[in-house]
Amino acid sequence: MSTGLDLPADASLEVTDDQLEALVGDRALARDDHKNAPGFVIRPDDVQDVLFDLRDQAGFDYLSCVTGQQYADRYESVYHLKKYDDPTQEVSIVVPTSTDDPVSQTAAPVYDAANWAERENFDLVGIDYEGHPDPRRILLPETWQGHPLSLDYNQEKPQVVTLAEHANPLQADQKDSETDTMFLNIGPHHPATHGVLHVKAVLDGETVVDVDPDIGYLHRCEEQMCQQGTYRHQIMPYPDRWDYVSAGLLNEWAYARAVEDLADIEVPEYAQVIRTMGAELCRIAAHMLALGTFALDVFGDFTAVFQYAFRDREVVQDILEDLTGQRLMFNYFRLGGVAWDLPEPREEFFAKTRDFLDDLPQKVSEYEDLIVTNEIFQVRCVDTGILEPEVAKSYGATGPTARGSGVDMDLRRDDPYGYYEHLDWDVITEDGMDNYSRVLVRMGEVEESAKIIEQCVDLLEDWPEDEREIQSNVPRTLKPPADTEVYRGVEAAKGELGIYIRSDGTDKPGRFKIRSPCFHNLSTLPEMTEGEYIPDLIASLGSLDIVLGEVDR
Amino acid sequence: MSGAGLLPVPLQDAEPLLPERLGELTGLDQLGMGGELIATFIAAFIVGNLMLAMTGVAGPWAKRKITAAFTDRIAVNRVGPFGLLIIVADAVRLLAKELIIPENADRPAYDLAPIVVASSAMLGFAVIPMGSGIHLADPEVGLAYVFAVAGIASVGLVMAGYASANKYSMLGGLRAVAQNIAYEIPLVVTGMSVVIFAGTLQMSGIVEAQAETLITLGGLDIPMWYAFVNPFAFVLFLAANFAEVGRNPFDTPEAPTEIVAGYQTEYSSVYFVLIYLGEFLHIFLGGAIIATIFLGGPAGPGPAELGIVWFIVKIWAVFLLTQWLRSALPRVRIDQLIEIGWKGMLVLAFANLVLTALIVGLLEAELALTMVMFP
Amino acid sequence: MIGLLKSMATTMKHALDGNTFTVEYPETTPDVSPRFRGVHKFSQERCIWCRQCENVCPNDTIQIVTDDKRNGEQYNLHIGQCIYCRLCEEVCPVDAILLTQNFEFTADTKHDFVYNKEQLKAVPWYKDIDPLESREPDRGGWIGEGEGEVDYQ
C-alpha cells in the first residue's frame, strides 16, 4: 500500500512524528505514546499491514522486542520497533485484543524476530497469534496448563510434565525415501551446549539438515520476580542473574537506565564515569569467557586457550571485586548512581587497573598467536556458520553476533548513555559473517573496552574531591505515575539488553519485560547451521555466545 | 649412505630374544616345548606389565601434570609425593564404580570391544625391540605384523560404537573407522619407505640398519636414524600416526565437545578403564613404532644395557608431543580430516615412497657400478 | 604452518616458565576485598527490630519474630537462600546486620543453613577483618557514639 508520503529515502534519516502518523493513517485507533517512543494503537488484524509499511517505507528494520501483557479488560502486544542505522528512532505499535478471544495477527512474515518473541508471549501471557508459523510453547513444557503471566493463572494447579520419550517433531518433514536421516538430541546435557540448552537436530550422515533449539530449561520467572520487587531496592540484584557470566553490571545498567527514564532520575556525572568503567570491565570479563568457551568448542578440551582466558578474566574479576564487593553478582548500581565510591586507597585501585590494562596487549597478542593466526583454527572457523546481515537484522540479532556480520550498530555509540559519548573509542565490525569474524569482533572489543577503561581511570583520578557524588537523591519509595511505559536498551555483552516497564502506580512494576539479546541471537542458529556439519553446529553455537540464564530468564 | 638392503641381515647373528634368554637363565629351555612356552609367557608378562605400568603412570598422572603445565596450573599434588598416588586412587575409583550397560546394548560385541581395543595394542609390543634384550619375537614380517594388529583396534572401536546403542557412540564409531581407513594407508606406505631403506621388514633389522653413522658434525656422530635421513617421511608418519591413534588435532572419533565421547560414551567402570588403557597403549605403541623405525629403536649414548631406558625416553617423547599438540591445536573437522587423509597424506606418502625407491635404487646402482668398476 | 608453530611455541612457553595461577587452597587463602559480601553477622544489642531488613530482602531470606510489644524474639536468616545482595545491611539504620567476608560455610543439609540469631552472632570475621570501615557507612546520626570499636557480641 502506497501512502504517497514524502518519506526520507535514507533509512537513517529522521522520520518525524507527523510522517509516522500519516503513514499509519486511519489504521491507528489511538495514540499510546511511551516514554521512549511514539505509540500507535492498531487493530489486531492490521498488524502485518502496518509493520510492512513501517519496515519498507519508514525504514524500521529492527523489531527489538515484543511485549505481551494483560490488563483487566484486554490483552496487549507491543511491538517495539527501531532502526539498525539509528536506534534512537523508535516507534511502538500497540495491539490490544479482547480478553475473551485474545487473537492477534502474527508479525512473523515481517520480522523473523517475531517468531520466537510471539511464541514467548503465547507461552507466558496467552495471546494467540493468527497465522504464526510455529505456534508452540517455547519456555514451558508443551503439556503446561495455563499461561503464568496472565491474570487468571492458577498457581495452585498441579502441573503434569510427562516423562514420555521425546517425540521427534522434525522427522515428518525430513524423512524421505532418498536419504536416511537420524534425529539427535544435542543436550540438554552435552559438553558443548553452554548450559542446559537442548538442540533437536536432524542429521544426514554428519550433515545437519534441521535444527530446532529447545529452550526453557533454565526458566526462572525472572520477569515475574521483578514484578514482585520494589523499584528502589529489590529488583537490582536480579539483573546480575540473567547473563550471569560476569556481565552483571551491564545488565544492571539496563534496568537502571529504564527506571531512570521512567521516573526521571538524574545520575551524577561522576557516577556515570564509574558505571562506564565498571561496565567495560564486565564486558572484558564476559568476552574473555566467550573467547575461552569458543576455543573450548573448537579445540575440544579444557586446554590452553580456555585456561588462559580464565586466568586473564580472573584479574578483571579481582578488580570488580574490589569495586563492587562481589565477583559475579555485583548488585552495585543503584537508581541514580552506584552503591559505593571507588575503594580506598584509590591509588591502589587505579594502579591495579592500570597494571591490568598494561598487561592486556601482551595477552591479546598471545591469543592472536594461539587462535587468530592458527591455520587449523582458520579452516575450522572461516566460512562456517554464515549469518548474512539481512538475516541477522530480520532476526533481531545484536551485539558481536550482528557486528560480525557487518551490521554496524552499537547502542553505546548510536543511542548514547552513561559517559560513552565523551570518550574516544571505536565500534568493531567485521564483514566475514562467519564464526571467525565473531571471534575477531570480540577480541577487538576487548581492546576497545580497555581504551574506554583507561580514559575513565584518567578522568576518575583527576576528579575533584568535593564533586564525587555517587548517587543522586532518590526517594526511598519510588512510585512512578500509573500507566507510564518505557522501553530502554543498553549494549550488554551479548547485544541489546532491553527492559520494558509499565508502572501501575505502586512501588512495583505492573509489567516487567526483558528483551534478551541471547534469546534473539539464538534464534538465528538454524539459519547459520543448516547444511553444515555437526562440528560447525557446535562452533556456531559457541560463537553466538549464549548464556542460558539470559535466554530463558 | 645406504645400501643395507644389499646385505641380508643374518638371522643367527641377532641378539637372543627375551624368551630364549629367560629360558636359559631359568633352565626352562631344558624342559622342551612346554618349558619354552612357559618362558615365553613369563617374558610376555614382563613386557605387558612394563607397558601397562607406563600407561598407568601416563593416564591418571602424567597427562594431568602435563596439561597443567601447559595451562599454568598445579594439578594433582595432594596424594603422595607429586601426587603420584593418584594412580592408586584413580584405579580404585574407576574399578569400584558401577558397570552400567545400556539396555539395548548388543551384548557380546559391547563386552568384547574394550578387550579388542586394549589387547590389539598389547599384541603389537611383541615384536618391538626395546633394547637391553627385551624383545619377545622377531618375525621377518615384523613391521607388517605391527601395522596389522594395531589396525585391529578400529574393529574394536566400531564394535564399541555400534554395540552401545547410542547415537553419539555410533557417530564416533563411524568416524573412527573412516579415519582409520583414511590414515592406515599413508601410515603403511610411509612405513614402507623405511623398509626400502632397511631392506627388511624385520624390526631388529630396521634397528640395526640405523646404527651406522650418517654424518659427523663437530665431533658429534649423528646416527643414521631414518628421522634424519628422511625427515619428510618422519613428519608424515607422525601425522598419520596421530590420526591413527586419534590424538589431537585428529581426535574426531572422541571429539568431546561434538559427540560427547564418541564410541566410549556408554562405557563405564572396568570397560571404560580398558578402553582408556587401550587408547594410551595405542599411543605408546605408536611411539614404539616411531622410535623403532625412525629413531633408532633403543639406540642411544652409553652402554647397550641402557637401551630400554632410551627406548622408553623416546616413547615418552612421542607421548609428550601428543599432549603438546593437544594443548595447542584445534581439532580439524571430520570432513577436513578425511580430505587431508585421502587427498593430502596419501599422495604425499606415495610420492615419498616412489622418491625413496628411486634414490635407493640409484644409490644401489651406483654402488653396484662402483663394485663393477673397482672390484 | 607458521600459525601452528606459533601456537605450539606459545603453549610451550607457558609450560616452561613454571608460573601457575592457581593456588593451593586452603593452605593459600585468597585475599578477599574488604567489600566482599559473605555470611551475615547480627548484633542483638544494636537491633531495634524495625523489620526494614526483612522488608527489603528480595527473596524473603530474613524472618523476624517479635512479641506483641514489638520486642524481638527471633531473628532467622537462611544463608543458603540468601543472594548476598547486601540490601539488609544497606537499609539497616543501626548496623545491626552486616555481611562479613566469611565465605567458608558448609552444612550437611540445606536446613542447617537456617541460622538463628545465636548462630548469626557467632559468625567469625574472616581473617579478623571488620568490613564495616571499608563500606563507608553514612549513619553517624544513628550510631550516636560513633567512636571506638564496634562490638558485635
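In order of appearance the chains are A, B and C, and numbering begins at 1 in each one.
Heads up, the rule we're going with is that contacts are C-beta pairs under 8 Å (C-beta built on N, C-alpha and C of every residue); 3 or more make two chains touch, one makes a residue touch a chain.
These figures come from a predicted structure and were not determined experimentally.
**Q** Going by average Cα coordinates, which chain is farthest removed from chain B?
**A** C
**Q** Taking each chain's centre as the average of its Cα atoms, which chain lies closest to the overall Cα centroid?
**A** Centre-most chain by C-alpha means: A.
**Q** Between chain A and chain C, what is the separation of their C-alpha centroids in Å?
**A** 31
**Q** Could you tell me the distance, in whole angstrom, between the mean C-alpha positions of chain A and chain B?
**A** About 51 Å, centre to centre.
**Q** Nearest whole angstrom, what separates the Cα centre of chain B from the Cα centre of chain C?
**A** Chain centres of chain B and chain C, defined by C-alpha means, are spaced 56 Å apart.
**Q** Quick one: which residues in chain C touch 2 or more of the other chains?
**A** Chain C, residues with two or more chain partners: 4, 7, 10-11, 14, 21.
**Q** For chain B, which residues are shared contacts with two or more other chains?
**A** Correct list: 70-73, 327-329.
**Q** Can you list the chain A residues in contact with two or more other chains?
**A** 304, 308, 311, 370, 374, 376-377
**Q** Using the touch rule from the top, collect the residues of chain A that touch chain C in their complex.
**A** Residue list for chain A touching chain C: 225, 229-230, 233-238, 241, 304, 308, 311, 314, 318, 321-326, 329, 331, 339-341, 343-344, 366, 369-371, 373-378.
**Q** If you look only at chain A, which of its residues touch chain B in the complex?
**A** 182, 184, 190-192, 206, 295-304, 306-308, 311, 370, 374, 376-377, 379-380, 533-536, 538
**Q** Sort out for me which residues of chain C touch chain B in the complex.
**A** Listed in rising order, the residues are 4, 7-8, 10-12, 14-15, 19-22, 24.
**Q** Once bound in the complex, which stretches of chain B touch chain C?
**A** 66, 68-74, 77, 324-325, 327-329
**Q** Quick one: in the complex, what on chain B touches chain A?
**A** 67, 70-73, 167-168, 171, 248-249, 251-252, 255-260, 326-336
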